[in-house]
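Heads up, the next two complexes both have chain A, just with different partners, chain B and then chain C.
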Partner chain A sequence: MASKHKRVAYYPGCALEGTGHAYDRSTKALGKALDLDLVTLKNWNCCGAMEVKNVDPKLQTYLSARNLSIAEDMGFHTVMAPCNGCYHNLKKAEYDLANDEASRELNARLSTKAGHKTYQAGKVETIHALDWIKDAIGEDGLRARVKNGLKGLKVANYYGCMYTRPRHIFPEKDRGPESESTSKPHFMDDLLAAAGAENVEYPLKTACCGGAHTLSDSDTSTKLVLNLLTTAEACGADVIATECPTCHTGLEMHQKRAETVFGKKTTVKILYFTQLLGMALGLSARKVGVHENLSDSRGLLLERGLQ
Partner chain B sequence: MATAVPARETPLDRLDAIVELSDSALTASAPAVADELLAIGEETLERWLVAHGRTPTDATVEGFRLLALHRSAARGDPSFNACRETCRELVYARNCIHATRTSHDAARRLRLAAMVARHLILFIDGKLEVAGLGEFCCSSRPLRLHEPVAAGGH
Partner chain C sequence: MPIHEKSLIRPENLVTHDHLELDGVDVSGHWSTFIESRVVTDYNEVLEDEIAALPGGEFIHRCWQCGSCTNACTVNAINPDFNPRYWIYLIRMGLEEELLRDKDIIWQCVSCFKCVYACPRDVNPEGVMKATAHWLELKGHTEPKPSAVFDEVFADQVFATGKIEEGRVLKQFFRRTGQPLFQTWLVALVRGLVSRLPARMLMRLGLATLFHPRTSGWGRARAAIGEYVEEREAADRAALGLEADGAN
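Right after this comes the complex of A and B.
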């Protein structure tokens, strides 16, 4: 079991090449530090994101299926997607191709037209970066490798609303204490606790960050994010740990916007869980891309000996 | 049981009043405040259903009307499930408060539950505004309409 995900195909998705670059950098650095082999998909394409899905959900299924087809062609049974949106869309494509004839027909037609193999459901498993570390290394493995523990760092783990929703596309979740929970996810909590962090009880860990409204109605997003931030502070958190580039960027941008537009200042820091784990393993803040974050956490990290 | 929460005009103002109460006031009427938070959640979902021309259900799911209202509201709108766990957190907080009553932790739990209820209101009012069915926040209106922002607006 533990060796199953030592070598996986890596699907970064568009966000990790743009605003979420620090997540890409820290994911790769963490994998290297843990001797895990990430092989980036060749010639990958957009997963269909929200934009394509809103116009034609079946076209989104095809776009995600093409990425799964590339993974299969490269000889992989597992593809790891760190972005919640990509993870969700690849899982949804898998579900639709297994259960919907119209999706299968469109996928076959477009694959043939594009000149590549038609992906068949069940060939490639999609996992999140949290599953990857949890399965390939586990809490005991992390504990054994920690050099620079996160002891004393109070963390609110924020998973966002796409990581567990809709439940039917995640058949591996809710299968007992060892599996991930869709109502109270805990994989990030488990991993960061193994690295020494003190997780706070955070009742909004799966609440919406307003990511979908961020351009069309920024005020809505700012209000939602401000509530996420103030609640984390009320829980005693120094840091909000994230595992999605859209949520992360939204929290950072709207933290600043809440201050400039609404005059509401919050001081909780925002870091990717891969950055926190990387620093716990002894990687420098720069190596895991902390300087690329909008949220300036350098003072806190210096204070905690994590620079 | 009467609560120590002062009467306020809007649900968000009521939540602010709960958050601002002293620990002793919150602890003294903890079960009633927890029920009030649940009621605020129900009112919020009722508003969404009524705005869509639907009749809010009086049924319960797992013993709670809030969960039945959520299930009803999410029918045909999968994105509405983004607030499913927020509703369940309110129920969880209410159950914890009723189980422990005057626990030393009651005030903290109630304040956090008030923030969860606030998130539900912000999420649903945001969706109402996007759907053109309501006003998300009167204080943000000047920003959208390029009017001068009043000092002290939130």
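Right after this comes the complex of A and C.
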């Protein structure tokens, strides 16, 4: 049976238009290389990230509900968000609209005043870029298409916070070996292994990078990131694979900050999983936006024949 | 309730007698160390209700003090004084004065949701941290902390245009918190990036900061959100018994 995820609505979010542009570029390039159809949501708005919920969580629910209603209007049952923050917020909105009367009321009130359809829970499913590749292509599909395997590249898979927590907004997770695990996620590990990477045992897969306070409490973020980086190095990783623009940029920024401000230098490289998969499929480093990353991993990739 | 967290025992509350004999037993020195007993009379009886009235604090009453939140906490691991279980205890007991000792670190919650994941009672400890930080600020116990300034700069831009542009958020945040934009580590990052990016890409980035991204036809959403935010702020202030005008 053909996967229902061959053609999905695409919600890039603000970060992918800014500091996370390499993730946007590599996600699109990967989709193209795998004959998957991404249709960008028309006139989307910000999901509220980590900030709007601190004004009122119900406002964040409205912001995400507006995006879900756009997907519905465009005739989609599935929206794919590569950013953990966007993914988390859409999932949270779906949960709250299904379970919380006050959230439903505010959504109805704001949608009506804003002049668009009120999104009702259950119409559109939100998936992450990992679910998208895992479902639409799968490990076997990837293995069959790999041209330039990642052989020899040791990867620490880093998922961050918003992909798995809190558990109750991800009802499809923790449903047995085929599903994603919230305590020890493995979808990225599975895909990168199929592309020929050697995954290292990384105990901090779901530890926090301090992304919410990356600028407002920089010293805390630098401590948390440095712990992620040095642990990855101790585990023998050449690369930390990421699947969230906030984590990715946080790791890059605070790797540099740890070096310039605290004199702690680490050399592990940071790449989006979509960049690694793209290169394994034979796309050039430039096609997947490696030059747009804040950290420079071109040397390592050249050394490993990935360029 | 037993106190497991040693950092909660403050040196000034410990009493040790250099020379003490009890019933003929010499208990001098550390053998006689104990925590001084005290009588608390200045409870703030409405503290829990006030926190519960703010967004995120709604379920604080469910807490049974198991400590799973503190055990799971990202920030507690790097600063033992950051202790959500203890703060929830203080709030529920109305021990405002004790809570105020930690007023300058409560804002540091990084919203990793490890506590929410671990909590067996669905207290939503992360929400309680946000509500408490908000309460401290509304009551005038602290100035707006950097995270609150960031939230405001960010949320205002989303409410105004439907989208955010990171460069603009960063600039406004540094300006509002009185920090220089050209921090050594940021400059080092940008230098590295500029040396690798093609001119066309740099131009695109530059243009994005001039022509801010926005959601079209956002005006009605902006008005609806603005109206609600005002209502929310008034409700929060009323719940805390504050004047409606925000004068404090």
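Here, the second predicted complex is superposed on the first by the 305 of 307 C-alpha atoms of A that agree within 3 Å, B and C clash if a C-alpha of one lies under 4 Å from a C-alpha of the other, contacts with A are read in each partner's own complex, and residues count from 1 in each chain.
Keep in mind that, in the parts below, a residue touches a chain if its C-beta (ideal position, glycine included) is under 8 Å from a C-beta of that chain, and two chains touch if they have at least 3 such contacts.
Not measured: the values here are computed from a predicted model.
After superposition onto chain A, partners chain B and chain C are found to clash with each other. A simple residue count on chain A separates chain B from chain C, and the partner touching more is C.
Touch criterion met: A:P166 reaches chain B and chain C at once. Contact with both chain B and chain C is seen for A:K223 once the two complexes are overlaid on the shared chain.
Once the two complexes are overlaid on the shared chain, A:A194 sits clear of chain B and of chain C alike.
Contacts of A:L204 after superposition on the shared chain: chain B is touched, whereas chain C is not. Of the two partner chains placed around the shared chain by superposition, chain B and chain C are both touched by A:V261. In the superposed pair of complexes, A:H213 makes contact with chain B and with chain C alike.
With both structures placed on the common chain, the touch criterion links A:L150 to neither chain B nor chain C. Applying the stated touch rule to the two superposed structures, the overlap between the chain B and chain C interfaces on chain A comprises residues 161, 164-166, 207-208, 210, 212-213, 216-217, 220, 223-224, 261. On the chain C side of its complex with chain A, the touching residues are 55-56, 74-75, 78, 108, 110-114, 116-117, 127, 130, 134, 145-151, 154-155, 158, 162-167, 170, 173-174, 177, 184-186, 188-189, 192-193, 196-198, 201, 208, 213, 215-218, 220-221, 223-225, 227-229, 232. Residues of chain A touching chain C in their complex: 14-15, 17-19, 43-46, 48-59, 62-63, 66, 106, 109-110, 113-115, 161-162, 164-167, 182, 207-208, 210-213, 215-217, 220-221, 223-224, 252-253, 256-257, 259-261, 291-292, 294-296, 298.
Interface residues of chain B facing chain A in the complex, by the touch rule stated above, are 78-79, 81-86, 88-89, 92-93, 111-113, 115-116, 118-119, 122-123, 126, 129-130, 136-137, 140, 143-144, 153-154.
On chain A, the positions that touch chain B within their shared complex are 161, 164-166, 183-184, 201, 203-204, 206-208, 210, 212-213, 216-217, 219-220, 223-224, 227-228, 230-231, 234-235, 261-262, 264.
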